[in-house]
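Heads up, the next two complexes both have chain A, just with different partners, chain B and then chain C.
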Partner chain A sequence: MIQTTIELLFQGITLGGLYGVIGAGLALTFGILRVVNLSHGEMITIGAFVAVGLVTVMPALPIALVLVGAFAACALIGGLLQAAFVERAMAFRDPMVPMLVTFGIAVILRNLLVETAGADLRGLDVGGIAQRSFQIGGMSFGALPLVTLVLAVAVFVGLSLLIRRTAFGREVRALSDRPEIAALMGVRVKHVYVKVAALAAGFAALAGVLLAMRASVSPYSGVSYLLVAFEVVVLGGLGSTRGAFAAGVLLGVVQIVSSRFDSNAGLLYVHLTFFAILIVRAISGRLS
Partner chain B sequence: MKLLEIDNIAASYGELRALDGLSFSIDDHETLALVGANGAGKTTLLRVLCGLMTPTRGEIRIDGVALAPGDPRAAANAGLALVPEGRLLFDSLSIEENLLIGQSARTGIWSLDAIYELFPILRDKRRLSPAALSGGQQQMAAIGRALAANPRVLLCDEISLGLSPLITGEVYAALERVQAEGTALVVVDQDVTRAARIADRVACMFQGRVTFEAEAATANAATLKDAYFGLTA
Partner chain C sequence: MTQGWTSPSRRSFLRLGAAATATGLFAPSIARAASNTIKIGYAGPLSGIRADFGATDEWSIQAIKNHVKNGLTLNGKTYDVELVIRDNRSELQHSSTVASDLVLRERCNLILTPDGDAAMAIGELADTRKVPTISSMVPWQAWLFPRGGTPDKGFPYTFHFFAGSDAVLNTFVSIFNALDTNKNVGTLFLDNPAGQGLMHPQMGLPAVLEQSGYTQTAAGPFQITSNDFSNQVSMFRDAETNILSGFMYANHFVPFWNQVAQSGLSPKACAMAAAFLFPSSVNALGDRGDGLGTEVWWTPNFPFESSVTGQSAKALAAQWEEDTGQQWTQPLGYGHAMWEVGLAALANAADPLDPDSLREGIATLNTDTIVGPVDFANSPVKSTAITGLVAGQWRKSAGGKYPYELKIVDNELMPQVPVEEEVVPLSL
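What follows is the complex of A and B.
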């Protein structure tokens, strides 16, 4: 019983790490740019398809380079989209304007992906690691989930160091606090926004690659990822990347544990948990 | 040539005209006390100077070179730095990080050490969040942050607002040291007497215009009072 529980928790935490990465980019764009980025799901899908494309063309390419390639491709796309479209939309005081622009971008990206890569489901073949596992104390742990967890932790530690310890991170935090005053101090606001958008898209790509390692992805998968990303971001605290990681782990554990009792549930209990927490928060907010 | 020239500047909030063809200039090393009742347009003028607000007409020049309107970064690079009303420090940054972010624009004599020498208390509190500081210490940090940009003109908005007389005295003593380093100052303060005491000139605004301007040492208090309340507009 204890062994089964530990195994389930391990699976849940590794899946949660992935959910955390899915939400990290969204948390970044919301926290810094104050933009609800509805194209985040499509960026995850593009990351997955770039990885599949790279492995198809260069089967011997190490997975680390696949991750770097997908990150770079999506960061470039995200940065360009920010500079060309979202930045202009942000000039309007109404937050609906950039949100609608990202919705339009999502529709265009999805259809471009269908046009170029087809509508079929694709998965990323990572070789023997997908089947490999190791035993500890009679318990079995998959190597791929562990790799996912290590990558997720690396993403969050790296992001935390970038935001807390670098001059760029200082500018990012200043912009998040008071964009007007940061501009007064000589911070190149638009440049920082473009870099943040690129970073968020890059993280989306990493999530996409990790997802494609675990399951098949289609150009239409973006919407379901976006839903998970929103749940992670809202539960973790809007704009908090650390909170996103913690919320991701919570939802991951809920999904794995619930699938043990109801194998057809999919994400149902994840969404129900999210809904229940929102209700509890709303009630406790009213009471306080 | 004047250091800062403001030529026929007008600015509005929708239908409300906040600045109405305002002109004046500041020499190098000069301190101007800008006074006026609430709603006279003082803060709006500082916002226009810093590029936070785009004027509907007129021109701002530094050393005779026109400043791009509504561009805060251009203003910072040209040497205009604001100590905003209410301090508006960055809460997510430590005090030292607040000072470091000020260095984004220009380099010069106001290094981190020079700022800590001016406000020794900030060195002790450098790792803390602004929220952990008193109002006076926050004001010092806000001045330090603006000085870190090594401005040619330091714009101080409501510099003594909410501060005790003792702390206000410390803040003004620091401003005198900033003057001594050759930085021009524009000081906006409800405490007219205190502001005029460190100023070379006093200008009074009323309904978006400068209605009175004189040497601080010779300014007639009664005339200034009339201008303050719009009796000479």
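What follows is the complex of A and C.
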């Protein structure tokens, strides 16, 4: 019984770590750019496809380099899109404009991917890591979930250090609080925004690679995780990265534990948990 | 009164205009009814989630277009043939739009559809508006019963040809029977109408397994959005199941299969309905797809030939691979056979333009196609021709063009199809 519970929690926490990473980039764009980035799901998918491409060309590539490659490619795309389109849309006072622009970008990216890569499901097999496992005290743990968790912790610790301990992070925090004053103090607003968008797209790519290794990807997979990403961001507190990690873990554990008792529940209890917490917050007046 | 005619009021002018437009709109269809053109409608999943099922259709339709480009001569009379091709986007919603388009606007003489949603949407309309319709690629029970049909009554103008879900389950058991196992089967099913049918305690897999002496470890249904199967897998591991079976799509199977490996469970056999009908879903598993079992409706090794082009199954698949550079898939056979059945029905009707005559043409049809015999005339189930199935396993190809090849391993339900290889246990 204890062994089963430990295995269950392990599965839940590692899945939650993945949800956290999925939400991290969205939390970043939400918190700092104040943009609801609907193309986040596509960045996840593109990251996964870049990884699939890399592994097809170089089958012996270690997982770390696959992750770096996908991160770099998506960061580049995310940065370019921010500089070319989203930045201009942000000039409008209406927050709907950048949201619609990212929606349009999402549709275009998704269809480009279908046209170029095809709608087939792709699996990502990096040195058989997705099937490997190790035993401790009669319990079996997957290697991939562990890698996922380690990476999730690394992403959030790294992000936290970056925001709190570096000059770039200081600019980001300043921009997030009072963009006008930060600009007056000589912060190059657009440069920082592009860097933040690149970082967010890079995190999405990492999530995409992990998803592709865990399951499979098609050009349509990113969209289905957008809802989870939003729940992570809203639960974690808008724009809070540490909160996003905690929220991801909570949702992951809820999903795994609830499906133990009701295998047909799917994401029902995840959404219910989200809903319940929102209600508690509404009652206690801490909704925003 | 006369003044009204010399200077018509605006209202009467509009009325006249509307009448004139209406006459103009109806004129072409009157002209069409008198002509010698047979209109064949097609509604299928050319895009959307079941696009894999319709992926070969545009190619197949091109072959038919070439075949009928100079018209068809039936009973000594030559008819022009017009094909009306519609994409139902794999959606029930859009299928109804397509249905009214084909039935009411285009007024097709015959409608063919390889999609369950499209067959549902077209069915009611076609039966009331007298448009003979032939559907396929859905187990016949899933077509007949949800529409409220019964085997002794059938439907007036809608027909279906395909294997039954019972045959799918029998092919699975024939794979399990060929192996030395502890006869303990772990099952899980996607929670949708097809899944509920397959997990039905009396009609579905549980009953078939029990009859054949297997014990079932049932993990029950799961939601289509599921991305984690660790609970089900640990249940199977604790019960020491040797065999895994059920129903899920390819995007569920990949995480399921990975978690099976992580848990340390090493099954000897695995046969899932729908999960790996297509080579792309097995290719997504990397090295771990060797020996997966599936139902087989058609392969290039079926010993039949097309009644339209005269090609053997092998030649049809070879031409597809040459033209598109892609590996053949099972719908290639049925997608072609659907047109064979349609054209054979037209030839079998006294007057192909008369719906009742064409209806008789289908109901009394017994024809040979590239997927084997399609027999409506002697079928125990009205409006339905039940076709055969064999059991297959995906095998890693030894230096072939494609990573995996589908091999026929059992032919109990269709003895005329040769067995290619023996059933092998999974090697994990």
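Following the convention adopted for this analysis, the second predicted complex is superposed on the first by the 284 of 288 C-alpha atoms of A that agree within 3 Å, B and C clash if a C-alpha of one lies under 4 Å from a C-alpha of the other, contacts with A are read in each partner's own complex, and residues count from 1 in each chain.
Going forward, a contact is a pair of C-beta atoms (placed from the backbone, for glycine too) under 8 Å apart; a residue touches a chain by one contact, two chains touch by 3 or more.
Just so it is clear, the structure is predicted and the values come from calculations on it, not from any experiment.
Once the complexes are laid over each other on chain A, chain B and chain C both fit without any clash.
Of the two partner chains placed by the overlay, only chain B lies in contact with A:E171; chain C stays clear of it. Partner contacting the larger number of chain A residues, of chain B and chain C: C. For the combined model, the angle formed at the CA centre of chain A by lines to the CA centres of chain B and chain C equals 140 degrees after rounding to the nearest 10.
Within the superposed three-chain model, A:N264 lies in touch with chain C and out of touch with chain B [touch as defined at top].
Judged by the touch definition given at the top, the superposed model places A:L146 against neither chain B nor chain C. Residue contacts after overlaying the shared chain place A:L61 against neither chain B nor chain C.
Touch criterion met: A:L184 reaches chain B, while chain C stays clear of it.
Once both structures are overlaid on their shared chain A, chain B and chain C have a minimum Cα-Cα separation of 38 Å. Contacts of chain A with chain B, set against its contacts with chain C after fitting on chain A, share not one residue.
Those residues of chain C whose C-beta lies close enough to touch chain A in the complex are 51, 188, 191, 219-228, 230-232, 234, 237, 250-251, 254-255, 258-259, 261-264, 280-281, 283-288. Within the complex formed with chain B, the residues of chain A that make contact are 167, 170-171, 173-174, 176-178, 180-189. Residue ranges of chain B in contact with chain A, taken from their complex: 50-52, 72-73, 75-77, 81-82, 84, 88, 90-93, 97, 100-102, 104-106, 145, 149. Of all residues in chain A, those touching chain C in their complex are 4, 7-8, 11, 15, 119-123, 125, 128, 130-133, 135, 140-145, 214-216, 218, 221, 224, 255-256, 259-260, 263-268.
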